[in-house]
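Per-chain residue numbering starts at 1, and chain names A, B, C and D are given in the order in which the chains are listed.
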Amino acid sequence: MNCVDCSIGQYKLREHCGVFGIAGSRHAALHAFRGLYALQHRGQEGAGIVSTDGKSLYEHKNLGLVNEVFKDKRIFEKLKGTFAIGHNRYSTAGETNYINVQPITINFKMGVISAVHNGNLTNAIQLKKGMEEDGSIFQTTSDTEVILHLLARAPSNELYLMIIDALKKINGAYSLLFLSPESLIAVRDPRGFRPLNIGKLGEAYIFASESCAFDILGAEYIRQLEPGELVVVDRNLNLQSFSPFPPRENRICIFEFIYFSRPDSTIFNTSVDKVRRSFGRQLAREHPASADIVISVPDSSNTAAVGYGQETGIPYDHGLIRNHYIGRTFIMPEQDIRDADVLIKYNPVREVLKGKRVVVVDDSIVRGTTSRKLVRMIRQGGAREVHFRVASPQIKYPCFYGIDTPTSQELIASQKTVEEIRAYLDADSLGYLSKEGMLSVKELPSVQYCTACFDGAYPV
Amino acid sequence: MNCVDCSIGQYKLREHCGVFGIAGSRHAALHAFRGLYALQHRGQEGAGIVSTDGKSLYEHKNLGLVNEVFKDKRIFEKLKGTFAIGHNRYSTAGETNYINVQPITINFKMGVISAVHNGNLTNAIQLKKGMEEDGSIFQTTSDTEVILHLLARAPSNELYLMIIDALKKINGAYSLLFLSPESLIAVRDPRGFRPLNIGKLGEAYIFASESCAFDILGAEYIRQLEPGELVVVDRNLNLQSFSPFPPRENRICIFEFIYFSRPDSTIFNTSVDKVRRSFGRQLAREHPASADIVISVPDSSNTAAVGYGQETGIPYDHGLIRNHYIGRTFIMPEQDIRDADVLIKYNPVREVLKGKRVVVVDDSIVRGTTSRKLVRMIRQGGAREVHFRVASPQIKYPCFYGIDTPTSQELIASQKTVEEIRAYLDADSLGYLSKEGMLSVKELPSVQYCTACFDGAYPV
Amino acid sequence: MNCVDCSIGQYKLREHCGVFGIAGSRHAALHAFRGLYALQHRGQEGAGIVSTDGKSLYEHKNLGLVNEVFKDKRIFEKLKGTFAIGHNRYSTAGETNYINVQPITINFKMGVISAVHNGNLTNAIQLKKGMEEDGSIFQTTSDTEVILHLLARAPSNELYLMIIDALKKINGAYSLLFLSPESLIAVRDPRGFRPLNIGKLGEAYIFASESCAFDILGAEYIRQLEPGELVVVDRNLNLQSFSPFPPRENRICIFEFIYFSRPDSTIFNTSVDKVRRSFGRQLAREHPASADIVISVPDSSNTAAVGYGQETGIPYDHGLIRNHYIGRTFIMPEQDIRDADVLIKYNPVREVLKGKRVVVVDDSIVRGTTSRKLVRMIRQGGAREVHFRVASPQIKYPCFYGIDTPTSQELIASQKTVEEIRAYLDADSLGYLSKEGMLSVKELPSVQYCTACFDGAYPV
Amino acid sequence: MNCVDCSIGQYKLREHCGVFGIAGSRHAALHAFRGLYALQHRGQEGAGIVSTDGKSLYEHKNLGLVNEVFKDKRIFEKLKGTFAIGHNRYSTAGETNYINVQPITINFKMGVISAVHNGNLTNAIQLKKGMEEDGSIFQTTSDTEVILHLLARAPSNELYLMIIDALKKINGAYSLLFLSPESLIAVRDPRGFRPLNIGKLGEAYIFASESCAFDILGAEYIRQLEPGELVVVDRNLNLQSFSPFPPRENRICIFEFIYFSRPDSTIFNTSVDKVRRSFGRQLAREHPASADIVISVPDSSNTAAVGYGQETGIPYDHGLIRNHYIGRTFIMPEQDIRDADVLIKYNPVREVLKGKRVVVVDDSIVRGTTSRKLVRMIRQGGAREVHFRVASPQIKYPCFYGIDTPTSQELIASQKTVEEIRAYLDADSLGYLSKEGMLSVKELPSVQYCTACFDGAYPV
């Protein structure tokens, strides 16, 4: 027998994290906990919160789901104060390492500071190498530590100016929150790769990767942090906004709309549901099908599948059931059951599929192995035809801005034509949403998007 | 702050368990583990497996989810042999007690035997009292122990005859599996309250509450165990079937179709999806609505909502998102957020609901508190009208056959009229599926059903 | 590598448990916890406490040390009431089983009762077999369950009379505590094998296997429970004493003085230290040695070694250091270090041993393997001569009264002569305390002792 | 009720750690585990091991006892390679913090390195402040991180030279082990405050704070690392020794002989037992007593008490029993039992003490609260007179070299005269070993000792 990581069962592109911050609530740490809980889909490997009462920082973090890390409610008695930041981490296989769990808290010349980070620096290795040459030491493998090193070396003597100094040295994607005893500082990179939003709960300011973290608190969505914007909230809850970076062409990560964010979230001032649904409609226009029903690969493709159904008039139905009790590891006898990993996660609804021509909509195809197993499952469930539709273009290039992608060799679309992929999946037809079609969707805010994973046009 | 059991957030009727058995596989315990995993929705408080190699019984059980109880794969080295039975337990509040986790294994005059049970005896207290008068002792509060006591006192001297002797003394609902070193014995009560199914995986026979436990193993569904049928599988994998009980009018639990079973399962030789969808259709015929969209309370109401949409032509959409990372307890500051418990579990998709006249379909209403919060959530999500539709009749009476129901006082339908409930929910309209309509659904197998929770007509 | 149970490193005879009871303290469960902690040496595999407030029984028990089982102080909020009983369990290898952890609590015709037991029934198997023939079931392998079965079948209708009825059917050793909502009942078998003592803390009555459990509470030692005495303490703290059994010749377990009890305890109304020290003195008279120092195998032989030194005038010293951080399992590379198991537990003090003629006093020899390793260790520590002295006679026969002994084949003294044992140990001389000498010690209370493990004269 | 840290029960001076290293064994990590287990008395709050196979470093560390941190033997499959270092940490109250558990592993310009440290830097704060001014960040509060920062900034380009550069900037006490993929480097500060020893096991070199870590492995003690010596062991097991620091007057920590080290250990090339025993003898010469028995406060004072007995001719006996099952926290009802904390740890042996004039020898007095309770306990145990003898001088000054001392206000000897202390303890007489007497002991190696805690003569 061997131990199979279930996520192998459905290889998805994975985000590195969700961030949350709150300034001005007597339940700061508890609200952070609940915000992180709403953002759990952005990272399941570790979680942490740092709070402050204006004097010290208080930290608790560990490997595990938010609910596991904070299961002892006495933790919240230690996480004192009215300001807090928190983080959900997804870490790459083999690196499930306590040392990388965020927030990362340091002592430096100005005192103590803690930071959380969503994104990826493209010049981290060079910066790290340069600082190591100067005699710096690194205890984690996270970019956040690189940023904190830069911050500590900044010539300015006000915290927010030091942060600006540091970030000017950085290339890549970042949505960052910093917490010091004096203030909470939020900042988003000038190209705006990753989302970061401002909300309000009574007097308190809240920051979160997605608005679903506001909803769980009954808080109000205000707006996104603009690309390149830096916001300081001080102990008196004065909020100041700065635009310290030279303007850059935006490079919003289109995958936030395709897959990462929850459909009930608002990001980039736009409803994810609205955009994702339009992707499904556009996919339907580009790749219609003669079929009896449209089904989704639950839950991430539900919205696009509904859009596909609305546009084509083919009825939407629930053809696959997903088991939600899945944990992080699953034990199975070796090789005795083909497709065992997919069987653990999904089950076909035979009564829905039997004798039908089925359109199955998925949000994306990465390596194709799961898709192939799903097609087989749907056929075994009784489907007469299986038409695979993908609500995003072919992923051909790895991401350097915070998404965990396999190598090009493992990206099926970088190795095979659409027809070859269809043959590999054993689908009756296969259609990908075109890049042009995707970007033409009018619900999409009219900014520039990063589409490097589709076209290799890396922003920097 | 206080610790709120999330299930309070959505008070649902709850089953007491799922059972699984396998005879004749070298991976018996591992398959039992996976089968229980597929049946996890039937009980989340504890899980256990007993296996046998024909010599001894080997047991592992504990409080927790299946994945938690069996997270150490070395457990399976101890659970030796080719036969195994397993159990998922749901236990009532305040009784989260190790001693009640099943299987229950005993020594008695014939040696050693283990049993798992889904159901509820209506004469357990009398039987227990009687046996106590005779000098028996009871170490658990479970019915299974009562059955084992009866078994041990049976006059016969063959195991399956002793089981028959014991069961003849019992009233109520039971789907039972017994494991001895010599055989696996499955039996279903003569009225057939709870499901129990036979499947096959290669040479091995499998027994499970629902067929989804076969699917996860790639096993084949054969048939249900008939009401009153007892099946013995010996070490040579000979299967013998007996009908030892006088025939009784069936009392299939209709709630298995309404809510308990997974829609992808086959129970009572019938697809749950097919029946549940027809309930939605019938509900639509009885209580149509002038509305723009139909949404479900995910995931248990999805199928009925689709059926409602199909019948009315109103498009089905995803208006509520469910957070699946929820654990068993959730910490929250007291009373600072109204409806916090529902916010933790659901979030409205504003873009879907905004300005719409919404039909929301739920499978049942128990106390009404969650439904009321959901209506408020859907309104706050922007819905112009909220039409609440329930794909089952009013629950007015407690269940004595294995379902955990609150007292009559807490059952809103036993206290209020439909109009009063509508007013309480603050819905624009409210419609329940009628009992007659429910039973008229042609997809429902034409047997007798237990509808006592709706009409108080208790079978015994 | 393999996992070695450290106790293998020093194979000692082992007791099955310690018992504690308290009646009439608002800190009943907490005091039980501390009493069990003081009795930890009598059983390290599991621990449990049951308390009562006069209405219900409240139970918490688990595998592990007392400190581990009760590490969460919130447990004590659940263990309500002013009466409590508790138990430390030692379980035989391979049976580390939750189901056998005591107290064992049952429902029976009189309501609910819980029991803890120190001892061993010699007719348990026959009683069990007989009751199984009558249709009884057994869920544990513990004698306590047998006693509770007998109790439940007793014809009387007062609890203490039922207990008497039950115990009249029993042969063997028992010191028992029963807790019902109405009373705490303590009883000791008519031969008095195992100790049981009464103490007082303010108004409260306390019962414990050894008086060290009184000391830790600052409670007062009153007296031992007499052999065959049964004591009832009711909710008004009235204590009644009964002598329900026909008088039997006493069979006090001499091993309680030799090894089991702590030297600071009073048992059988006698100081353990006083007796154990006299054993050392008598051993010195029987087997003097020409030596420079006397050392003990710490800590259980310290007292006897001091006595040996006092009698001979040879100075006592600390020649072996014991590591007390040892846990239950210890990982080591296979076979790379001879005597690794003993090295983990003991280390010689070279400066003490170097060039010396050493008398090492141990309380007993069971299999001889540890003794042999200790001799080698003392030699390697620099001793010129090693004279092994044993403060008890040769153990030749297994115990049937509650002590875990290996089979006769493994008892070195049943297989070899003293000279052969000396040769096996590679000691310069070897002397055992004679049975006659042991019994002649005037500090020993003048009652009859069970010396079956030395002479095979089993009491029954 | 409240939770009392048991160590409060006996406030002892506490060391910050034990270190262990091994180069050249296929069981490197397992041997490190066992070495740390033997050194457990030097630190109980956390433990860690880093190993290397010449390519990478592999780390496992956590809060808890060695046996707890490494209880899962699969950990050792990850700790690959033939070189390893390990650490036992004692952390000051309220700082039980994962981040400070050692080894600390960093990336720097030369690659990766890990370090463990026993000692304390007196200029850590200044060094830290200076480096912070230069832009460095600190993630822990440990001195080890300061050393690693200095190392990373060192101008040299060979690892051992960089270490020398770094250490030249440091004042204070250190016994350090560094592990890189290429080599294991051990170094001791020029004044030699803390012990560090070299041993051999077959081909492998071993380093440890005390020789008891060699004994548990069956390894051979070679010699101490000399003050100011740095040793490099490369992958070919070539050992090179360097003396890179200008010679300084030695400042061996005398408390290693008084209390910290195990008596069976050799440190500073000298048997701890021999020295500690002589302290007891010298104490006897300075402060004889008319008494019947000498007892120790077990176990740390055993050796000195034996020495006292040998010199005076008063027989040594076991008058106090220590409970060794004590864990890290202990729950007790508030204030219901005076001296409860001491009762949990010790129990008097009445038979030994009754009517006796007792000399009790303790190794040291810190705050006096425990001593006072012990005197009361011994009196209540029946002693007629209690003569308290302390085998070290009065502790009047805090330590800055790695020992956790309370503030001067809490050190009883800095606040009271000997007579006042005697009165506070309620002893019949009190005698401390004089500083001169202590240093005059001929078994003590003739080097300079740090006696700052007695006389305030801080070395730097």
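In this text, contacts are C-beta pairs under 8 Å (C-beta built on N, C-alpha and C of every residue); 3 or more make two chains touch, one makes a residue touch a chain.
All values reported here derive from a predicted model rather than from experimental measurement.
Taking the definition of touch as given, a chain qualifies here only if it contacts chain B and chain C alike; none does.
Chain D is reached from chain C by a rotation of 180°, derived from superposing Cα atoms (nearest 5).
Centre-to-centre spacing of chain C and chain D amounts to 35 Å, using the average Cα coordinate of each chain.
Taking each chain's centre as the mean of its C-alpha atoms, chain B lies 59 Å from chain D. Separating the CA-averaged centres of chain A and chain D is a span of 48 Å.
Counting only residues that touch two or more partner chains, chain D has none. Applying the touch definition to every pair of chains gives A-B, A-D, B-C, C-D. Listing the residues of chain D that touch chain C in their complex gives 1, 3, 27, 30-31, 33-34, 37-38, 40-41, 44, 65-68, 70-71, 73, 76, 212, 215-218, 262-264, 266, 271, 273-274, 277, 299, 302-303, 306, 310, 315-318, 321, 323-327, 329-333, 336-340, 343-344, 347-352. Residues 98, 104-109, 128, 132-139, 145, 148-149, 152-154 of chain B touch chain C in their complex.
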